[in-house]
């Protein structure tokens, strides 16, 4: 697991934190701290969970604090992907008081948002743990934060779908309609795409699934099919293509979907509707 | 209401859409559409609500489509802030098929995210409609999207708290502790701040409230007080300061809080934990 | 004073210096030093005042030198806000000779420009020191340098007006005209603005002032009124609103204006027409 | 003259205006206009001079208005470089009322700043009109605005010195000291520089001037020499190099310096210490 | 072919042209044209080939001209991917003379560079036309221009390898060495990667090939094998994996490599060592 | 030589490397290394030449590695401008294994590209070493990399022509045609340009050369003249202007051109058609 989590590109982290700090500090900076906190005061802070969940985004929190005080220390008590319960210590930070107070909200906003996604993902992952199905995300992410949110999905035990329109082909109903059929759409895709691009095609019926398999689709997205139909699809595909179930799947229905034997279950909710994870940061300033 | 909603700065809209499109299109662009859709094909699409809610962010959706096809038309059926029920038409777009397919996800991601915030805000606002209390947001926003999310709060009938650390002073417990007391913290803040900066101070007790009022605080944040204590605070303040209740207030408890007579109730959940609003976009491509 | 001065956000400093260095170094860099100065030569430089004034912007100068030689030392002899006379030592810098020569002009351009503003501000501040009036700035700043110039105003003993169109409401004559009156304009502003936004209204007559006070304006800008009228305004307001005098006030007239009893006097000249402060930098290169 | 003025690169204009608008509009935009001005209200405005001077920067003002309302019209009554007296009409603008009110300050800040530089430059140029000397600028410009300020110098009738450290070689005292002499410094510069790079050398004495001429310097900067010495230098150079006088030259002394026969007189004051030109913008909003 | 070529994302084109124009125009813009060409002069220009080749990048050329004169017309005589001989007309452009002269070099630099890549690619493609092998590129591209160069490869009839380190997995010798073997490396890759990520593994020997096939590699890169060994590899793979030959393949050797039966042949030379295509632009200015 | 090479501005290096790394790492980063290489594994790598040539760009390679692992060491075995033969060690790098593997391609792409230019330049320079002619570049560079490529030209022993349209005047045929003649074009240029701007004029005939010399041109570009005509031109100019030969000069013809006595010979090929220099990087990972 550790290797997977390490794949958050450091340049992305720096850029995201920089933008968030500028957004919060604005033109005049943290005027409350400037007015009240002595410039050389020191502070220590502890981050702890207040509700159960999975942590993601510690690198962003640490980067936020150190960006405003390069000599600040940020010690993680655990790693991204760890489960926490109320009270679990997450990290400790120590440094210039003004810097810590100024970076606090940015650090927590990142940590809470990404941990929220990891936490919800983990609930889906746990719900299908008795099957071989994996939970995967979609492109339904918060604008500007996709790579970070996809990382949070991995922290929650999920797998990543494509990162954008450019790194894999996903043929949808409109593409099929324009092409005149699933087979022709796959043919066009194969003619266009390089040999390191996977091709997935969305189908609504088992007839389309058979057409897709005959045309050599590598991955087939089974859209809005009930578990029984999915099970039929699994039998039809017989391992010739990876099967992904999609469409309105909830925490209540995901187990039944997984038991159909599909390989992947994609969910938009794990990125676009995950509530934040409640984390507390207690700061002690020594004036 | 119209005026309020118009205050979404166009430069911010353009910048946010540009970043989101680049994130989704990556280096190679929408390879599926490039492979399959004829370059001159046209398409029409209709956006409609699938669940009840409040719309916010139409300008972002329109900008996304027109950024990829400047001659595309985007016709709003309603305006930001409107309530919708399942099936309510939201907008129609017409233009180059590749452009529409490529921009679809970005448009919906913005629209769903901001409408989700407007929808949740509206639920809080409706819950306190029988009182004079207003719902207000916090700085607990998604990194990089604060101004857009604050706009969505207004679309849902909420009011905006400060936009960053720089446009108002909010004295918190740490600031008070370092200063040696509420009154001294307010004094320092007043000495530092310009005459167009409001000063708010967070208090935990009614004694602190009295100290804050005596020191001339313009706004007092009453942290984690039960409704009965809040009502006492309202009586003590007697209109000498604006009172804001804060801390773990939910849809279940917000009415009781509002009935205490406070002026504002702030909620982090309306921005950091609002599920997306489910919106559908049906595209018809004419090859 | 120290706290106020510390509020120059470090991210802004870095960004401003980066832009200025790129502007000066262009595509080919400092070709004179590259041609003539050995790459490992060291240099020491001393910055000193040549005319009397107030220093502002030392952080920018230091950042410029260290950006080109991270191991350079920059020692301040005094702090921003300090008064200097011809010959007063300001700072000493030591490092790679090419780096120091390349950064010299950028460092001095920032320091001279901001110290010029601090110096002129201080002259206004001194002129009204016998009154309770404070000197405040406007939005008439050099494009792209507003936050830095507002910081320089504080270094000169001035107070800051709003930083942009977004952090406070200032109702001007056109807004009043469109609204149909001062009271209606204030009503609209109050309905729109959050509770942490101050509302100021500009008035031309004492009748308008009375209307503004009745409508609950928190700050009133008295535009182009002679001292006698200002004194009347002070009597009318009787502490119910903060009063700001504005309009063509010069170093010659500012004392009389202040003696009217107004709380703030705003001046565009302190930012848009301050001559640079003459500072010398003597470099000794050891080849 | 027209051709010279047209050389303000449009990309620079757009970039400078974009940055300035973002600086002023911040996160929430022009909240006063959003609160009070109906979204479809129209406005017309006239820009006129209030004090005598020379206009520079009309393209920036026009770009500011049109950036916020692409359909706005901006009609120049005169061109950059024109002299104005109090009351001279400069331009008329018509468009959406909110857009015009929001862009007003940015437009005027650019126009006033650059016109101030053009105006002061013109005073120096007029003072030496009876000689063949030309007034030229320096690198003592406002950080981030160099190209715009150099353009303003041309609008005032001045000539441009180098734009940065990279487009010409200027050998100063430190370079000479490290090299062991003027001739060796010139030799190194010539060996390094391409054939389209001019080489100027700063000299303090006539002996150094003779050394520079012997070494083939194309331009010689005569630093801090009184007019009589400058006249001697002119005689010594006898047309073999371009001569530039520099160092503490004021409006009072510039004529005497020019009468020495030097070719160029450089002044930092025309860019770093020019007061803004007072321009008025009268807006009429039609609600 | 048309569909493939249309996949050059317009946002990338705009960004690349913007950067290139800024690089060439610098701070002062095109001073030669500003000095000499009347501001309203018009010009017409024709772009034609001077040597045989394949055209790529017309959108960049057109964007460059229109960026400086939005009303300029740019008419393509042919489309990207077309073969040209000396004298073949490529495009005609008409517009403001200064704008055309200022954009000329940027337009030609893009067009020549990308056409050079398309031309060299086409030579490789033609050399293997009698086989089923396809020519593909690598990540050995000019820094900052990868997506444009990959597009040029497609214009020349080539196919694209991965666009970066993030859109496909390519296991190289070091990865194999660390893992302890090809099979383990593939296992780790599969565990980490999402289901839309292809996995390619580089092998040096036929034994490694067998191991890779057994481990389920989808694509195998055969590094530096002579044609006879490649033919053996083809027989061994028997269609179970896509085979890519790589390593020092030249125009002289590529046909023999292709005749081995491999599916893809990758070449770094087509992007990193393609000479520019010589194109002439004849401008006629009408003063 | 060392001084010349040191003139690669560090800010440009950082910016170019940052852009290239982001281009290669994309949204998800180096997924192969993340999947396979343990996060704490170390690696050492040696860069060596595989073909003869001249090295340029070591700073870029070093910056790439250290950007991903700030504690990595990068030791140069030689300096930019050094000649290498197959096997010559160039540099050694040591650091985190993932970081080194992720930065490898960017480092080599820069180093190979710039060394390729230096190598080709050196071949031209060597070919004219028996004359006093210097080889110089043009503006025919890869978009976005001009300053780096001009630096590589210097590393190869070449001299730099202007860096953009803004740092020198080059009057071409169209400028002459519009002006009505060489002399008038020069007159306009001189009237416009500052005294630190060199003026070069392109001529097609000896008659135009005489006109240019009479008008005081400082540099004359002799376009497409055979060596005999060039020799005549040299005689005519007689040292009164710098002479530059240009137009289709190849490695085969450059010596004859140089022997005509011209001062500079410009070549577009050295930047736009230089094949990459083949460099190998051998990494050893210690897991």
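Just so it is clear, A, B, C, D, E and F label the chains in written order, and each chain counts residues from 1 on its own.
Just so we're on the same page, a residue touches a chain if its C-beta (ideal position, glycine included) is under 8 Å from a C-beta of that chain, and two chains touch if they have at least 3 such contacts.
These figures come from a predicted structure and were not determined experimentally.
A.B. asks: Keeping to the contact definition above, tell me which chains border both chain B and chain D.
C.D. replies: Under the touch definition, chain B and chain D have A, C, E, F as mutual neighbours.
A.B. asks: Looking at chain E with chain F, do both copies bring the same residues to the contact (over half shared) or different ones?
C.D. replies: Chain E vs chain F: same; shared/all numbers exceeds half.
A.B. asks: Between A-E and A-D, which chain pair shares more contacting C-beta pairs?
C.D. replies: A-E is joined by more C-beta pairs in contact.
A.B. asks: Report the inter-chain centroid distance for chain B and chain E in whole angstrom, where each centroid is the mean of the CA atoms.
C.D. replies: 44
A.B. asks: Between chain B and chain F, what is the gap in Å from one C-alpha centre to the other?
C.D. replies: 51
A.B. asks: I'd like to verify one number: the distance from the centre of chain B to the centre of chain C, where each centre is the average of its C-alpha atoms, in whole angstrom.
C.D. replies: Measuring from centre to centre gives 32 Å for this pair.
A.B. asks: If you look at chain C, which of its residues touch at least two other chains?
C.D. replies: 3-4, 7, 23, 25-31, 34-38, 146, 160, 163-164, 166-167, 170, 188, 192, 197
A.B. asks: Draw the chains as dots and join the ones that touch; what shape do you get: line, ring, star, complete or other?
C.D. replies: complete
A.B. asks: Which residues, counting only chain C, touch chain D once they are in their complex?
C.D. replies: Those in contact with chain D are residues 16, 19-20, 23-38, 41, 43, 97, 101-102, 105-106, 108-110, 112-113, 116, 139-146, 163-167, 169-172, 174-175, 177-179, 185, 188-189, 191-193, 197, 268-269, 272-273, 275-276, 283-285, 287.
A.B. asks: Where on chain B does chain C make contact in their complex?
C.D. replies: Where chain B meets chain C, its residues are 3-4, 7, 134, 136, 159-163, 166-168, 170, 188, 192, 194-198, 200, 219, 242, 244, 263-264.
A.B. asks: Please output the residues of chain E touching chain B within their complex, sorted ascending.
C.D. replies: 2-4, 6-12, 146-147, 150, 160, 163-164, 167
A.B. asks: How about chain C: which of its residues touch chain F in the complex?
C.D. replies: Contacts found on chain C: 18, 21-22, 25-31, 34-39, 67-68, 98.
A.B. asks: Which residues of chain F touch chain B in their complex?
C.D. replies: It comes out as residues 23, 26-27.
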